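Each of the two complexes below includes chain A, the first together with chain B, the second together with chain C.
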Partner chain A sequence: MTRRVLARVGVTLLVFSASLQTGEAYLRQSSLVNGARVSVSWANRTIRYSVANVAVPGVTVDALEAALQRASQSWASAAGSNISFQYEGRTVARPLPTDGRNTIGFLNVPELEGVLGVTLTLLDVVSGEALESDIVLNSASEWSVAAAGEEGAYDVESIALHEMGHMLGLDHSALGFYEVRDDEARLAAAEAVMFPFAFEPGSIAGRTLKSDDIAGVAAIYPEPDHLADTGTIRTHVRLAGRDAFGAHVMAFNPISGAMVAGFVLENGEASIAGLSPGPYVLRVEPVDDDDVGSYFDEPPVVDLAFRNTFVDRLIYVQRGTTAGPVAITLEAK
Partner chain B sequence: MCTRTVLFCCLLAVAAPVSIKATVAVPVEIGTLVADAQVIVHGRVVRLEGRPSADGLGIDTLVTLEAASYLKGDLGRAFTFVARGGQLGRYRSLISGAPRFLEGQEVVLFLGAKPPALPHVIRLGQGAFRVTVDARTGARRIRRQPLAGNSATWQRVQRGSGPADGLSLDAFGTMVRTAMEKRR
Partner chain C sequence: MTARARASVLITAGVLSCSVAFPAIAAAQAETPAVRPPIVEIGGGIGWVGQADAGTRDASMTANALGEAATVRFFSASGKTRSGSVGVGTVGINLSSRFGVEGGFQFSRPSLSVRVDQDVEKTPAVTVEGTSFEQSVGEGNLVYHFNNSRFDNRKTVPFVLAGAGVLRQKADDGTTETGTIYQAGLGFKWLSGLSKTGRAQGLGMRLDVRYIFRNGGFDFQDEQYRSFFVLTATALFGL
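Coming up: the complex of A and B.
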């Protein structure tokens, strides 16, 4: 291998490593209705919300309001999307569904031990329209709004940013991994605010949307030019002579560093939209370290018994077009 | 430089750890799940019924489980637990991260069970392990890797590195019993 080629390999590695800081992935919330998947979204692109008039140690209602406004502004500023939030003031109502109001606030739910926040969305499964969405921040945890974070306390803005993603219709991302040692587990890395688990308390890194989250919200509420400015990769994934289901497909752009992922759903297809033009590496993996049945309505079998698989060529995405379908055959374990 | 070399470089890069925070729940090791659960049961879902949640948290699903065996506690041959989220008519309460069940599905569940409240799956999806049954041999396997540490130092859980078809139900049971012994 010549010195020039070695240099190119080095640069490539450097770019790929650096790019992991800006990864992306998304999955839309959906419901299976008579075999058809109906995705969740709001009919009105201005989402109104109120704040429950409940404080917890370390977080006044004023501070909660401010953190929520910052989080909502982050989503409203996401490139390529057209969605906004409108704050309607405080309420004595609790953040519970079926009162016709989107309420966010602290609530003690003892059975949700170890759960920091929950978003409860009521939807019409036929149309997919979200009718109401409430966010519970579990008051059993320690909370903080300190600008630089606070040791031992979870950051309100970070958790609220994640939960507001659910409010918008995003489900969980699977881009992340864990570490374990005797009697302990922790999240080691995640590439999306919508990853379902928390790092240890004190961090404020979750206040910033990743390109994954941005692509996700833009897919649901696109600006008029978004589809013309970006491209899509479609894949058709098969395993053991049939269409696969539930496999996690990641598209990674080695030039820009964008990493977007989706799941293989019906007909063995995964469609990853909102990609900036350029070359992409595709990787398919089984999500065997989390309960995939918590991600989406599933058929009885989610495919997990296959090897991590790379597509052995770069897929080029062009503005306003769809690349593929890229045929991917998984190797069974 | 050939395309395969580039792709291999990508693979190495993608495997490298980064540190970015995400939210919602706290991941727990299997020992914590074992300690927190009052009941650990293997069984089959035989009935699902949506209902308005008793505590106002939207729509719940009452899940009836036909128990095959217990690893901890005992709720009888069949019992009903409550799962967050559910559907009534054309309206559905959706909670990302909460386990969703299907009739006929086999599962191992880690349940909180403090009467008079109905039992519930602890820590949302973390307390639910789906079981596959080999139609030919009847062998039962757990589909996902439990987060289980057996080292004093942090070890990465490699997605996709688990054994083919997951962990046998017997091996999972042994893992749970070992964790129980360790916590005594």
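Coming up: the complex of A and C.
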């Protein structure tokens, strides 16, 4: 396997003792508390962060700061969302909890082979409030901040953009697919910064947020009018006479080309919010069985044995409303 | 007389009859003014709007490749607006015996249909049906009547038209799209009456077929012209 993991999932530490899953509610990090999902978010919509005063070959601290500011600005500019970052300067602290400060920086973690970045979030699992979040960029890999990318080195801004998504409370998106070349699976394409695997070293394609990322962050930190300006598709997915779990549901608008997705959760429902009004094609697929751990920690039972399917009617999304629930029956393999 | 001689006589008689009849018609035409279209025409009717292509949009993903940003097709969606009925209305003013101008509207409720195929993971292709939407067209046309080619006792006149208009489509989800249309067509107008001054008038009927180019509206590709036919039958009233 040549895929490089951006982060297995934002590793989450607990403040209170409770069972926690970084499963999916929309594309959000969440925990199960007494059977109910609690999503992760910041109470204060201005997230302060510091940069660890550590340089690596090819990336000075100045360049790291600039790349992080560009990445944070990308999230702050996401349409429909109301969130911002505030840079508080350099620190000699390492990007680890629990010092009460959000720190981003390089740390050499050779034991995390193949992992480019990890986001560690300290949260109140009862309320879902994020209390501290630190981003480790694994200096065991080669890094670059070159404007056009640098062959053989991972782009700091692209990887930071992904990890900042975790910091904001987003989990992984499954909008991507693989191809097999020379008996090795490699990432063929992705349409979400929050896809769990990185583009090739040298690529800067991960610097741009996609529709799925933007819908996700706007769902967590909506602007006042966002919910009134957009709509939601709710699906109820069944397999072999029972609710399915873990199926990936994609909504595609053939007029705008926007693609946004979500996962089916415990109640058999997937809810895809933040959609611009218009017609949508729905496509349902199982997650790649190699990647279940990228989306579900301690999965109950993720349904994988069914055939991909398109829903046979267009779903129309209206402003401020929810379409559905759209009943989808999957065909078992 | 022999049979041959009798035939010769009959042919001669026929020729003589014709020579008498033609002057009679010529005299009648000289007495009646040439028939002209009415000054004002008002019409309303129904018709059929044909299926139209709505383009193709790929569900594309960013390719894992260096250099220029490239995309990979995940699957493809090709749209059509289905054929259906259309209601039409026109008001025309004839500026001369040949030329006229008219304004009109068309209203229909076609539906959008999407063929989804070429899935990279071989998801079976399907045709996804959508609900119908409102399609309104406001148009202005220049009309040319072939007034010298009237037939059916001069009550029917062939015509051609060319014009342009604006298109507005509104889906049940509240989204609207606008665009422009350009059209050309041909047909016949029949009016039952004739005024003393030679103007066609009264109740009648109009049949026409139009070929319409649309730019805008619900489409999976930007800045593309789509074409479709519209056939209409209109009850006409000439003043």
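Following the convention adopted for this analysis, the second predicted complex is superposed on the first by the 295 of 333 C-alpha atoms of A that agree within 3 Å, B and C clash if a C-alpha of one lies under 4 Å from a C-alpha of the other, contacts with A are read in each partner's own complex, and residues count from 1 in each chain.
We take it that a residue touches a chain if its C-beta (ideal position, glycine included) is under 8 Å from a C-beta of that chain, and two chains touch if they have at least 3 such contacts.
Source: prediction; values computed, not measured.
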item: Between chain B and chain C, more extensive residue contact with chain A; value: B
item: Chain B versus chain C as contact partner of A:E151, first or second or both or neither; value: second
item: Touched partner set for A:I159, first chain B, second chain C, both or neither; value: first
item: Touched partner set for A:S203, first chain B, second chain C, both or neither; value: both
item: First (chain B), second (chain C), both or neither touched by A:A240; value: neither
item: Which superposed partner A:V126 touches (first chain B, second chain C, both, neither); value: first
item: First (chain B), second (chain C), both or neither touched by A:R283; value: both
item: Touching partner for A:I255 - first (chain B), second (chain C), both, neither; value: second
item: Partner chain in contact with A:A228 - chain B first, chain C second, else both or neither; value: neither
item: Contacts of A:R313 with chain B and chain C, given as first, second, both or neither; value: both
item: Touching both chain B and chain C, residues of chain A; value: 176-177, 186-191, 199, 203, 205, 210, 252, 254, 259, 281, 283, 285, 307-308, 310, 312-314
item: In the complex with chain A, residue positions of chain B that touch it; value: 1, 3-7, 9-14, 16-29, 31-32, 36, 52, 55-59, 84, 87, 90-102, 104-105, 112, 117, 120, 122-126, 128-130, 132, 143-145, 147-160, 162-166, 182
item: Complex interface listing, chain A residues touching chain C; value: 149, 151, 175-177, 186-191, 199-200, 202-203, 205, 210, 231, 252, 254-255, 257, 259, 277-279, 281, 283, 285, 307-314, 316-319
item: Chain C to chain A touching residues, read off their complex; value: 57-66, 69, 71-72, 74-75, 77, 79, 112, 114, 116, 119-131, 171-175, 218-220
item: Residues of chain A touching chain B in the complex; value: 1, 5, 8-9, 12-13, 16-17, 19-21, 23, 29, 31, 40, 94, 96-98, 109, 111-126, 131, 136, 154, 158-159, 161-163, 166, 171-173, 176-199, 203-206, 210, 250, 252, 254, 259, 281, 283, 285-295, 297-298, 300-302, 304-308, 310, 312-314, 332-333
